Amino acid sequence: MPKTIAAFGEVMMRLQVPGYDLLTQASTLNYSFSGTGVNVASALARFGHTGALVTRLPVGPLGDAAAAYLRKLGIEAEADFVLRGGNYLGLYFLENGFGARPSRVTYTNRLESSFNTAPEGTYDFDRIAASVDAVHFCGITLAMNDGVRSHMKNLANAVKSLGGKVIFDCNFRPSLWGEKGHNAAKPHYEEMLELADIVFMNEKDAMFTLGMGTSAEGREERLAELIPAVAKQYEISTIAGTHRDIHGDNSHSLRGFLFKEGHFTHSERLRFSVYDRIGAGDAFASGIIHGELEQFEPERTVNFAAVAGMLAHTVAGDTPMASEGDVIRAMENSIGDVER
Amino acid sequence: MPKTIAAFGEVMMRLQVPGYDLLTQASTLNYSFSGTGVNVASALARFGHTGALVTRLPVGPLGDAAAAYLRKLGIEAEADFVLRGGNYLGLYFLENGFGARPSRVTYTNRLESSFNTAPEGTYDFDRIAASVDAVHFCGITLAMNDGVRSHMKNLANAVKSLGGKVIFDCNFRPSLWGEKGHNAAKPHYEEMLELADIVFMNEKDAMFTLGMGTSAEGREERLAELIPAVAKQYEISTIAGTHRDIHGDNSHSLRGFLFKEGHFTHSERLRFSVYDRIGAGDAFASGIIHGELEQFEPERTVNFAAVAGMLAHTVAGDTPMASEGDVIRAMENSIGDVER
Amino acid sequence: MPKTIAAFGEVMMRLQVPGYDLLTQASTLNYSFSGTGVNVASALARFGHTGALVTRLPVGPLGDAAAAYLRKLGIEAEADFVLRGGNYLGLYFLENGFGARPSRVTYTNRLESSFNTAPEGTYDFDRIAASVDAVHFCGITLAMNDGVRSHMKNLANAVKSLGGKVIFDCNFRPSLWGEKGHNAAKPHYEEMLELADIVFMNEKDAMFTLGMGTSAEGREERLAELIPAVAKQYEISTIAGTHRDIHGDNSHSLRGFLFKEGHFTHSERLRFSVYDRIGAGDAFASGIIHGELEQFEPERTVNFAAVAGMLAHTVAGDTPMASEGDVIRAMENSIGDVER
Amino acid sequence: MPKTIAAFGEVMMRLQVPGYDLLTQASTLNYSFSGTGVNVASALARFGHTGALVTRLPVGPLGDAAAAYLRKLGIEAEADFVLRGGNYLGLYFLENGFGARPSRVTYTNRLESSFNTAPEGTYDFDRIAASVDAVHFCGITLAMNDGVRSHMKNLANAVKSLGGKVIFDCNFRPSLWGEKGHNAAKPHYEEMLELADIVFMNEKDAMFTLGMGTSAEGREERLAELIPAVAKQYEISTIAGTHRDIHGDNSHSLRGFLFKEGHFTHSERLRFSVYDRIGAGDAFASGIIHGELEQFEPERTVNFAAVAGMLAHTVAGDTPMASEGDVIRAMENSIGDVER
Amino acid sequence: MPKTIAAFGEVMMRLQVPGYDLLTQASTLNYSFSGTGVNVASALARFGHTGALVTRLPVGPLGDAAAAYLRKLGIEAEADFVLRGGNYLGLYFLENGFGARPSRVTYTNRLESSFNTAPEGTYDFDRIAASVDAVHFCGITLAMNDGVRSHMKNLANAVKSLGGKVIFDCNFRPSLWGEKGHNAAKPHYEEMLELADIVFMNEKDAMFTLGMGTSAEGREERLAELIPAVAKQYEISTIAGTHRDIHGDNSHSLRGFLFKEGHFTHSERLRFSVYDRIGAGDAFASGIIHGELEQFEPERTVNFAAVAGMLAHTVAGDTPMASEGDVIRAMENSIGDVER
Amino acid sequence: MPKTIAAFGEVMMRLQVPGYDLLTQASTLNYSFSGTGVNVASALARFGHTGALVTRLPVGPLGDAAAAYLRKLGIEAEADFVLRGGNYLGLYFLENGFGARPSRVTYTNRLESSFNTAPEGTYDFDRIAASVDAVHFCGITLAMNDGVRSHMKNLANAVKSLGGKVIFDCNFRPSLWGEKGHNAAKPHYEEMLELADIVFMNEKDAMFTLGMGTSAEGREERLAELIPAVAKQYEISTIAGTHRDIHGDNSHSLRGFLFKEGHFTHSERLRFSVYDRIGAGDAFASGIIHGELEQFEPERTVNFAAVAGMLAHTVAGDTPMASEGDVIRAMENSIGDVER
């Protein structure tokens, strides 16, 4: 049965140099609007749910363009959720890498954005909480500033108190936390983990952000040791995440895991060509959320999520475009010829 | 010595989303005009023959644009062959797949096209037959409706009665035959096979369309058993076809065969990167026709055809662009550096 | 106070040759989705109302792209209104004229579209009628076929019976009615006029479609004589329309009228440069509907509508993009410098 | 009754900066292939004749692209007419002007082109002459070098001796004749005029190239005095030409004349917006040739030609795109609304 | 004799929606880098001088792209002038208006830009002053913040003390000065006027920014009264400016004045079509500076400047592209045909 | 410590068909300006040096565009180095290959270019030599004509006599030397080798151009035998070069060597995906020059050069875009994820 899930997060304008040119070489940019919350709400809408976004956009042409784009993605963007106010929209420039040359992302001053400067009292959290089954947050938002963190925690509490589920994606970006890095982040992460029912992370988050020790050596071994410890310590019912390998020939490998009721379930290890890497983690997360809300078997959930993640690497833009049907077809089929 | 070959078939407008975007993401389309007959006539023109197309285009801007495009491809598009009448042009939308995401083709209602609604008496088959050495048909055209099938058979008979060669590509598209599928198709295929001198097919056509049984298990074994049986039953002098494998890294493998005078000749198995898959089968067929008309040795014919097929995967659009010289250079060379 | 207005009509794909090229010259097309209903619903949404569209789109990539486009335009496209079914989307090609060379529109076979083949019982008219304040129809839809006409009349009756307003734009396209033309159309127009509260037309519709005689000679004189007669005969409370002049220098003149409670009110005569002429009539109609629903003074209504019509000529695409604020600013200002 | 007309002339590649950018600002170019002969042959094909081009193109990708482009334009480009040989294609860069800023054309070294280096004996003039009703030359070609001039005169003589018509467009480009200018040109012009049946020129050609004196003062007066004198001196049966005025608002005025059997006939003076000015003179010439070959009344001929010239200003590229029907519709109509 | 002129000012990234689309309609942007200082330095380089820019750009891809763009424009961008530091580049979005719909500019938070956050001591003003003949400032820069104003005044003093000329363009942008507007601005303007040798302004600046009273009524009369008063009060040797009228048909009129040694000299009143309005004032200013530095007669100076201003409306982008030769040709010629 | 290096060579306009289309399929071209000298000067500028180009460009729009492009690349393009004169710019068309289909380059007649027709006395070699630390030449320039060869040798002698280093890249292009090929080239190559301090070549140049015999069989063995012999015979202090392998999957392998003071040093063998192959050899050469001028250890030099070469395959255009920092990061890292 379809659910209503709200994601709380910033909408950013993505300004991408076409093809593989650098900013010094080109003269045009492709633009779209994205963000972790956008990606998750849109993916869940494509899986048959109502995916809403709780955010704040500036008044004026940029805010209008962003709102229109959200609606096009199928996101519930009614005025209760998508507020208008403040002056600026965060934006980032993307230069696609090729082979040995990595992609580069250059942010403009997002801290002054409408979202990141929303004053206390901007959102009516009780009303939002009353209309949703679950709410999604991520570590990028958590890195912004105290005002945003306060919104996050208030919304999480409001949803939790009405029986909704709280979802948290750890998503640690070192450049956003400044010099103190993990130390600055840890207390805020802990607060969110204590509120959360479903958490996205892997062993690195446990080690570096939460500072948990391990004597295990391999990536898999550390995961097996640390994830159950996190689940126990913060009383989290579901933890999921991925291990990714990047190969030299423009392909990646991805293997997802789901830890639930004391057991790990792993997806198949998928290897695939990559067209647009950004946002693929959000597709995996959306797949897990879908499986959990629809009460799939763990194996189906984690494979659905991994394939959703894989497909998100095959479309342009940050935002996953695959429907539930597309994911299921890809789970069932090997690589196919033209569909006519 | 150059020959004149007419292909009978529909011209469709191909509307392709640029790059790897979906129709919901993009706002522009690239268009061109193609069809099996277009591809074969154009390829044969590039191999030095006169490649004509027998078809019917609507009056008006779309028909004008299609006719100009045919001329640009080097197709003989004089008024005896390319008639103008009726109202519509069939068209299809193409969204390119990437890696694990397959390409998607969406047709519009082609059954109302000028070609598919051409009344009896539209074409002057005797005049056409008098001016060609061979005529090419395909299974896609055969799937359209009784009117078109009647045109096909009349033209085939007219050419045969004047001593020209009849070429038939089995080319079965399940979605065009409706629920009854192979059963509906079989009698029409049999009529065409009985008229044909050169046929393109492989063991699947024998098994599924013609309903021939086999106890062999592998693809190669079934081919070895069934193709001679087809040749015998329908008195076909030459049968050719390919086996294709699709790999995960955006490459395909292709191996062609030619069955003639009781013997199979196989091409080398070629593996290559794919840029545009559509229409590559027509390039292989054109290579076989060229070899047969020019009386190449079977080994040269089948290798020429396989390399022509391979090269057709490396250019945009449905229509092969390689000249005879390009094919021969590619047969002789390994992958090379820039040609200056 | 914002209202909810549903427009009933077909969504078509517009495939426009960029710039001023012909189809035979170019190789790309810009696409968007439009239709009278789309234009009116979108314009009313920009004026602060809920603009819904009652239509039927095919399943598959074209229907998905159309639905996403409608949402982007701000149209209420929930599943009660925008149904999915059938196979095809109507589409048209547009070649922009320049100066002495007129624009050309080439339609494909729209009669097979999902909208035009929707069977009886497709729409839940009672449910739709219960959720709207007004419903909009146009003469283009009326020209399609008996099935569509039956839907129109059923929906008009359902809305009327629940106290909603019925709006009808006469919009006569000769090419759609075949040889019998006005004679074939007249009875259907009369049925719609009898149901309608607000009607868009001018003296030509009265003379040619309704066959009303006049001895007046000038355009204005005929308007003054015939519009009151139409209002009386069909008991229509509001009739509005425009007179347009096309000048040689890429500019048009437009003057709107509003006939209501026995009186004519005329807008100023506006002269302006034209960027995209298609859909501007729908902007005028939307302005009248907005004024009527918001109970503006007649003079404000007709001037708002004329300026909305003028602005619609200044943006690309069929669909008006001006907000209520944009129209009011343009009513107040003379032509201005850059807005920074 | 349709005729076969060959034009003798160079094919050049036109490399146009898109929109109104300068070469220093942009990074892309639109390319096409044109030339006076191309334009005339293509226009006559659109008027229902067989328009052939006698020229020489290089072997290789540029020659292939040019040949395909000629075919697309509807030009008869069979191997008897369009020869392949030599190494280079002439090309020119075009930066569109805007308002007070004029367009700029920059040529590359065309003297080394395949056409301009074709050795004696390249063309089989007798065979060409045997298959055409008329042949067209222009003053640009005459300016190239002695080899090309020799080809011109041989072809003109061959056609004349078989009873075909010789057409010559005076078309003087000062930059091509170097310092001696008109003096260098005069003897060559006189040779062509003596061979010609139909000539395009106006009073300036008579005064500057042929060095004829006049005491008349106005443009019209000089025309009236000099054109009959030219016709008499060189025994030319038909002389036609235009007077053009360039206005500040991106519009031009054009008035054509036709002098024949001792009488002048003038077209209406047309004023129109200009989209692409290059090649419009060739459209006028083609209109005159069409009228003469079809034996129109002089008034119809000169008006047909003037409207054909006007329409050529409304499409991109050097080459006229209007069919005979398009010209006739534009002769009959005032500026119209969208054609649906 | 060529001079070296430095302009002090911010470089902004201009992100323009192509054609006439709105941000909500399009998906690509054209980008370039501009600013009053950029425009003036580039124009002076095209007039044969060394045009340098004193500014600060961020480290990273955006700063690299901006620096490359400045070099391409011909601006002296050596490390003494164009410093690298700070994090952000100011940027603005431009939606082109059409006819009755005005252009819209949307700024992002430029106050955090590298230029506007440059700390004291960033620039080595003595070294800069030692290498230039003149320095240019504008009122937009003056509106930024105290830090920037301090840089301006220090640089002006440094240049003045070494005998260089100080140029100031009043350029008042209300939106940048906040609520207090002219009152906040006046003291800063007065400081700059006292330092300046050449000033760009008109009567509105005198009235509104400087608060000078006048009883004159017409624009010309006020100019005649107030400009001499300003020159006297602030001891300015040269004041220049323009009066602009905006017409409905996409054309503007411009008339420049130059007040010097107690006398006004006016340019012709020019009327011209407008392609890109932004930056044209800087072209006028550059023309005046060029005339003054080269000691033209006042009449030549003001006409050169007005024509330079006119030509700047005919090219895309903020930055004038006309060379000295282009301006002189346009002063001499009427509107011409293609230049070949 | 940064040095000043001048490269002597022609600037060509590169006209590239976008994507993987052929010239017969497309209608737009991307253009840029390049050449071995351009590539080397630009790469060295990105490594922190002053990279100047000694060349001659035509007056007019093409020369202006080329000069602006050079400045954008960061090349020192002052009037002492980049002269203006002559009429033409050499240009070449590039059709990108895909997989089994090789790229094609079609040159226009570059022999008439401004560079290749520069008369004796064009350049002030003494002044140039006085301002540089090193000068770079290549075998492509050497193939042009006697005039250019004379310039090369004069400049090399001038630099050498002032103590600067002479660098020569053997770069043999068979198509430029005509039928006599290596025999025609040998004496000119020998002259340059005798002047050179740093030479780029491999064993093929020794065998084919210099005609040196070897009984060794493998590529490596021949290199080991012949390079020391060349160094000895021509008294060259440093010789460097690469061995390249081209793989079927759009990847190449590259291994560089540096022979100096009697010892070979080899880089790691790098395998990488290729985006744009042209110009990558110049990136390798620039890396060697940088290492030599900065007196890196041989191992660091050759690995820096090989990685610089690898990165040049990952950007569009002939000209390397990697900074010294980019190369060092790529030397240190394995293939990475997005850099944010």
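Remarks
First chain written, first letter: the chains are A, B, C, D, E and F, and each begins at residue 1.
Operating definition for what follows: contacts are C-beta pairs under 8 Å (C-beta built on N, C-alpha and C of every residue); 3 or more make two chains touch, one makes a residue touch a chain.
Quick caveat, the model's predicted, so the values are computed rather than measured.
Both copies, chain A and chain F, contribute mostly unmatched positions to the interface they share, with under half of the numbers common to the two. Equivalent interface to C-E within the set D-F, D-E or B-C: D-E (over half of contact pairs identical by residue number). Mean C-alpha position of chain C lies 63 Å from that of chain F.
We define each chain's centre as the mean of its Cα atoms; on that basis chain A and chain E are separated by 45 Å. Distance between chain A and chain C, defined via averaged C-alpha coordinates, is recorded as 42 Å. Listed for chain A are residues 22, 24, 27, 68, 72, 104, 249, each touching two or more other chains. Looking at the complex, you find that chain E touches chain C at residues 19-22, 24-25, 97-105, 107, 173, 175, 246-250, 277-278. Per the touch definition, chain C reaches chain A in the complex via residues 68-69, 71-74. The residues of chain B lying in touch with chain C in their complex are 15, 18, 22-24, 27-32, 60-62, 64-65, 68, 87-89, 91, 93, 95, 104, 106, 108-109, 112. Of all residues in chain D, those touching chain C in their complex are 72, 249, 251, 271-275, 310-311, 313-317, 321-322, 326, 330, 335-340.
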